[in-house]
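Note that chain A is present in both complexes that follow, paired respectively with chain B and with chain C.
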Partner chain A sequence: MSVVAQSLTSWVDGEAHLDDVTLTLEPGRIHTVLGRTGAGKTSLLRVLAGLSDVDSGDVLLDGRSLREVPPWRRETAMVYQQFINYPHLTALENVMFPLRRAKVPAAEAQRRAKEALEQVGLTHLSDRRPGALSGGQQQRVAIARALARRARILLLDEPLVNLDFKLREQLREELRGLFSGVGETVVVYTTTEPAEALMLGDEVIVMHEGRVAQVGSPAVIFETPATTAVARVVNDPPMNVIPGTLQGEHVAVRGLDLLPRASHLAGFADGPYLVGIPAPSLTFGTGPGVLATITFVEISGSETFVHVDLQGTELVVRAEGIHDVSTGDRVSMTVDPSRLFLFTEDGTLAAAPPHGRS
Partner chain B sequence: MSRWPRRAQYLLLIVWAVFTAMPFLWAITTSFKDVNAVQGHVTYVPWLEFEPTLEAWRQIFGGAGGVNLVGPFVNSLIITVCASAIAIVLGALAAYGLSRFRYRIGPAKNKDIVFFFVSQRIMPPVVLVIPFFFLLQMPGLLDTRLGLIIVTVALLLPIAVWVMVDFFDNIPREIDEMAMLEGCTPMQAFLRAIVPNSAPGLTVAAMFCAVFGWNDFFFAFRLTFTQVQTLPQAVVALNSSIPPWWTLSAAALFGIIPLLVLAVLVERYLSKGNLAGAVR
Partner chain C sequence: MATLTLENVAQTYNPGEDPDRWALKPLELTLESGRTYALVGPSGCGKTTLLNILSGLVTPSHGRVTFDGVDVTSTPTRLRNIAQVFQFPVIYRSMTVRDNLAFPLECRGWPRSRIEERVRAVAEALGLADGLDVPASRLSADEKQLISLGRGLVRDDVAAVLMDEPLTVIDPQLKLSLRRKIRQLSDEFAPTVIYVTHDQYEAMTFAQELLVMSEGRLIQRGTPEQLFESPSSTFVGWFVGSPSMNFLRGTLERGAARVGEHLIDLAWSPPVPHGSEVTVGIRPEYIRIVDGGSHPGDASETSVHGRLVAVQDHGESRVCEIQVREQQVAVKVRREVHVPKVGSFVDLGLPRSKCLPYVEGRLATCGD
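Up next, the complex of A and B:
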């Protein structure tokens, strides 16, 4: 019953949109695909849906190649980031459309469509056309349409990205519940937001530059990012990765004081590495320590992202609460050495902080 | 904003409205005049300035000494309606293909193909009419409605394609993709998801086709002789060394009626139709 992507490779204008992507997607599980814009997330979904061709590779459903199967025979539902509905149909008719195309009898189709609209909380608006609905409501219709079909494969391409913050949070919560009833469906959900990927995914697929960088449970991905690229992508703000060296009892990172070598970094040969410093492991204050200059402050309400320039190295600090600092201020930086990640110089993970410390 | 610019706008609009309405007023009053009333200075007020008569209107509907424009009117109507309908169906299909699929004819890509269509209208009609003449002559379609319909389709197709390509390009491609994912073949996606949302585009295309088709004089003049006469031909034929202004006016007004009806129908449709909801 699973969907297997086999070495999907797709070149467009000399640029790899997909580069040897191999995945096994299990029914009943939610696979979130996390990656930056241009990482190949949408390309992957389009290939799975049959909307785009690949230069090589294949998609298998239950071991059967889908290569020659056109989109209209693939039983694939898709939710786009733009709220795509049929403008000439009401919400109810929109949800019924795919059911009627699949030859579900009218009464049954209507019952299922109403059920789906109820699930997304739109029963009272089922007679409205998309043009008379808000963006969030339009996307709910699109989600209801995809759910009502009970398709074999359900693809969601950054469905929340065009919603405003509050709606996004709300719908994200609801999606978790909506997905719990998908049963035998393979769900693939792409996003650029780590929180979304980690929260919704049973399995997180991190993509970077058209390749699969890492596949694993949210905890595994977050605690042991396989590469520096993954480490950056799964953290918000991105993890600071800067060159450093292991020297006996110490970790030397350019611009910072010598740090004590924490126990999880024992057993590695001295020498040059890339050191991953999670933004929350950094703190700043006015006490003694290394002086850095604040270049940019982002306040998100409950936390503050402070970008600093540490003797030529850009770092991001994530601090709880609001901090009364502004651009140009000189602050001292301290690092929690037990939370450092260690990567080899080619970017492969060498050591991660022990479980519960990251 | 002060009120003055708004007043200026209205003033300008009123001046323009009068300017465009005057020829109509002139034609309407003239159509109720006789030979005596058109002499001397221009008069507008019936009964006071001139004695209205229905003579001109009688003449264009087969009255004594006149012609009957009903036949040519019907010809024009049949040719315009058929040709427009065919051009819009073919044009919409062609435009959809050109908007959604990639074609390559030798070095020519979609854009070039669209330009090829449009370029048909760049050629002077005089150049086109010669090949048309021979093309119609071979199967014996000269001087027939069918022949004129075929030629008119060829003339209207570029307009329909051009208008519709532009329109389809502005409908999110995701809509037809989604229709395909939901079980529609490309043709079904076109018919069920795109066409129902294309009323504004189809209306504009239909309007252009109807206006161009209805007003064509040149091709009808060159490709038909005695059997088939279209309204513009018949109106021109009314002319003589001393222009009968009254019958010409009546004929012109008669010829405008279908376009007037069309304008009223279309205007409501155009302002209503929009694609809100299709795009975020």
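Up next, the complex of A and C:
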């Protein structure tokens, strides 16, 4: 069994929400859909669920068109960003509700609901109403309800985005375990966070402006992003992409000194390119290097993202750990030339750095 | 701008309540003029109570609040000369952007020319200088919140700007740019800011200093770097940093921590008797996976043996879960570092200087 999206195209007010999206979604695998807000992720899920129509294209389940199948007959369960639960029902009743509506006998519905609540670690709170649960617990109820359905297609639309940071971290890890037990279900999970997409996905689908930009394993997506758009969205902070030229033994990048041309960039004709400089390939310090001014400092998890202005070029540096640097500080920048990516001027990947033994 | 102090301030909503259950336990605190502070902690930790005491919404049941030395403990909010920014934008929908920004100044009787100058400066900083004549009702949610912030900053005579979760209603994708804007505004206008949030990373990006609260107590105050490098409690070590700090339970033996067959050297020896319980706190980024014996551990490192049970791909880094006896240790390595197969046994290098001793959940004092 598989779900196939065939050339899905959907226009809203003259704008393509989905533009010729073709995908094969396999059961027992977790497909994460990574993209910015507006990339078409939610539109894709809504079409798969039958909640939105398309202008052209089709969704096939086991080769059979779902075009005429209404949402409630699609065997699809969906978890939304906002925790949606019935306020007057207990957690257990919330999880049982769709089962009862699908005419599952009461005893069986209760057994499955209890099992799902146990999977999400909420057995002790199954008698509470949503109002007496925290945000994280409410989202667990919503996830349990989706799991208990044993739907053939499980769709999750940025389910962790509204949770506190530490809770998100914890639930993200739990989801890996939950998904590994879904057997023959097709799981599709959307997110804007690269680490979440890479960590949860067996396969990552990168979407950009309504199109599928790349599909592949987490390692393939991260190590060989097909376009500059993928390279930016799969890195946190986004990869720096700057016009530059290959000149004999050197790579010239605006703002930086001439860099030595590393071996993975050999064999390309001299001329103009787009150079991808991963934020962690840049380091700042007080030693020799090109002087830059810090314009903004962000802290994310255990990393410091330092935005700098390098003679008019905006770059972001990712440093491990948390560093006491401030806006306005002058720092010297160095770049590791063996970690540069090379894209043609239209943004297609030409060369990626070798990724060691991993 | 003013320096704010809390002298032995505490809050209970039920007279006669056991002091251990007070919403805010007795607190001594000085917040310096012109600095930015973030109050962080899980819900129910007391951060909102503390903010309400500063704003005057709550008169503390104990202690004294001063602004620049003047006692304001029972001064009502409107006489405290503070600006507030709330979760939801507070703007006049019927007014233009310009009138919204000018209104607090008109109320204070500023001369027209000075108002015009100040409104322009703030609007430019907000990136709204071109839309001054737009009716506020036409703005998006994040633009409305920007105006609320601008109204907080437009008066240069306020004692402090208090912000209560100002980014909660903002689309996650817009948070980054708004966070940046708030930081730039406060850098430019340098007011005293007290910013309440449950998001530790928003707090660290925004504030010069963080006040971490839990169960009505101030647990630690410090710069983001201080909280990361030397968390004063296991709670802060867990709360700050992703993944959280590792904690390995052991007992004190010859100044080191005995964990199973391992004797882990500590940054310093805690002043507790031999055999006492001691927990080793170490950040996942400071642990090394020793590769195939090619880099024998040196004297500054303790070697610990364990089994690799899981690897998470985070892109730039990988997080390895390693089982050491019955305890789990997370190790964060850069992508280019070779990671053995899941299930294999690995040796970890724990640098002595990064192994912090915790006793009963608190960072132990340096014995000497």
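Following the convention adopted for this analysis, the second predicted complex is superposed on the first by the 353 of 358 C-alpha atoms of A that agree within 3 Å, B and C clash if a C-alpha of one lies under 4 Å from a C-alpha of the other, contacts with A are read in each partner's own complex, and residues count from 1 in each chain.
Note that in this section a contact is a pair of C-beta atoms (placed from the backbone, for glycine too) under 8 Å apart; a residue touches a chain by one contact, two chains touch by 3 or more.
Remember, predicted model here, so these are calculated numbers, not experimental data.
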Fit or clash - chain C, chain B, common chain A: fit
Touched partner set for A:Asp236, first chain B, second chain C, both or neither: second
Which of chain B and chain C A:Tyr86 touches, first, second, both or neither: first
Residue contacts on chain A - larger count, chain B or chain C: C
Partner chain(s) touched by A:Ala195 [first = chain B, second = chain C, both, neither]: second
Chain B versus chain C as contact partner of A:Asp53, first or second or both or neither: neither
First, second, both or neither for A:Met78, with chain B first and chain C second: first
Degrees between the directions from chain A toward chain B and toward chain C, using C-alpha centres, nearest 10: 80
Partner chain in contact with A:Arg129 - chain B first, chain C second, else both or neither: first
Least Cα gap, in Å, left between chain B and chain C after the two complexes are fitted on chain A: 5
Interface residues, chain B side, partner chain A - complex: 172, 174-175, 177-185, 188, 192-193, 196-197, 274-280
Contact set on chain A toward chain C in their complex: 36-37, 134, 161, 164-166, 169, 173, 176, 192, 194-195, 198-199, 218-219, 222, 234-236, 278, 280, 296-302, 318, 320-324, 327, 355-358
Sites on chain C touched by chain A in the complex: 42-43, 171-173, 176, 179-180, 183-184, 187, 198-201, 204-205, 223-225, 227-229, 238-239, 241-244, 283-285, 312-316, 318, 332, 334-339
Residues of chain A touching chain B in the complex: 49-51, 70-72, 74, 76-78, 80, 82-88, 97-98, 101-102, 129-133, 135, 138, 145, 149, 162
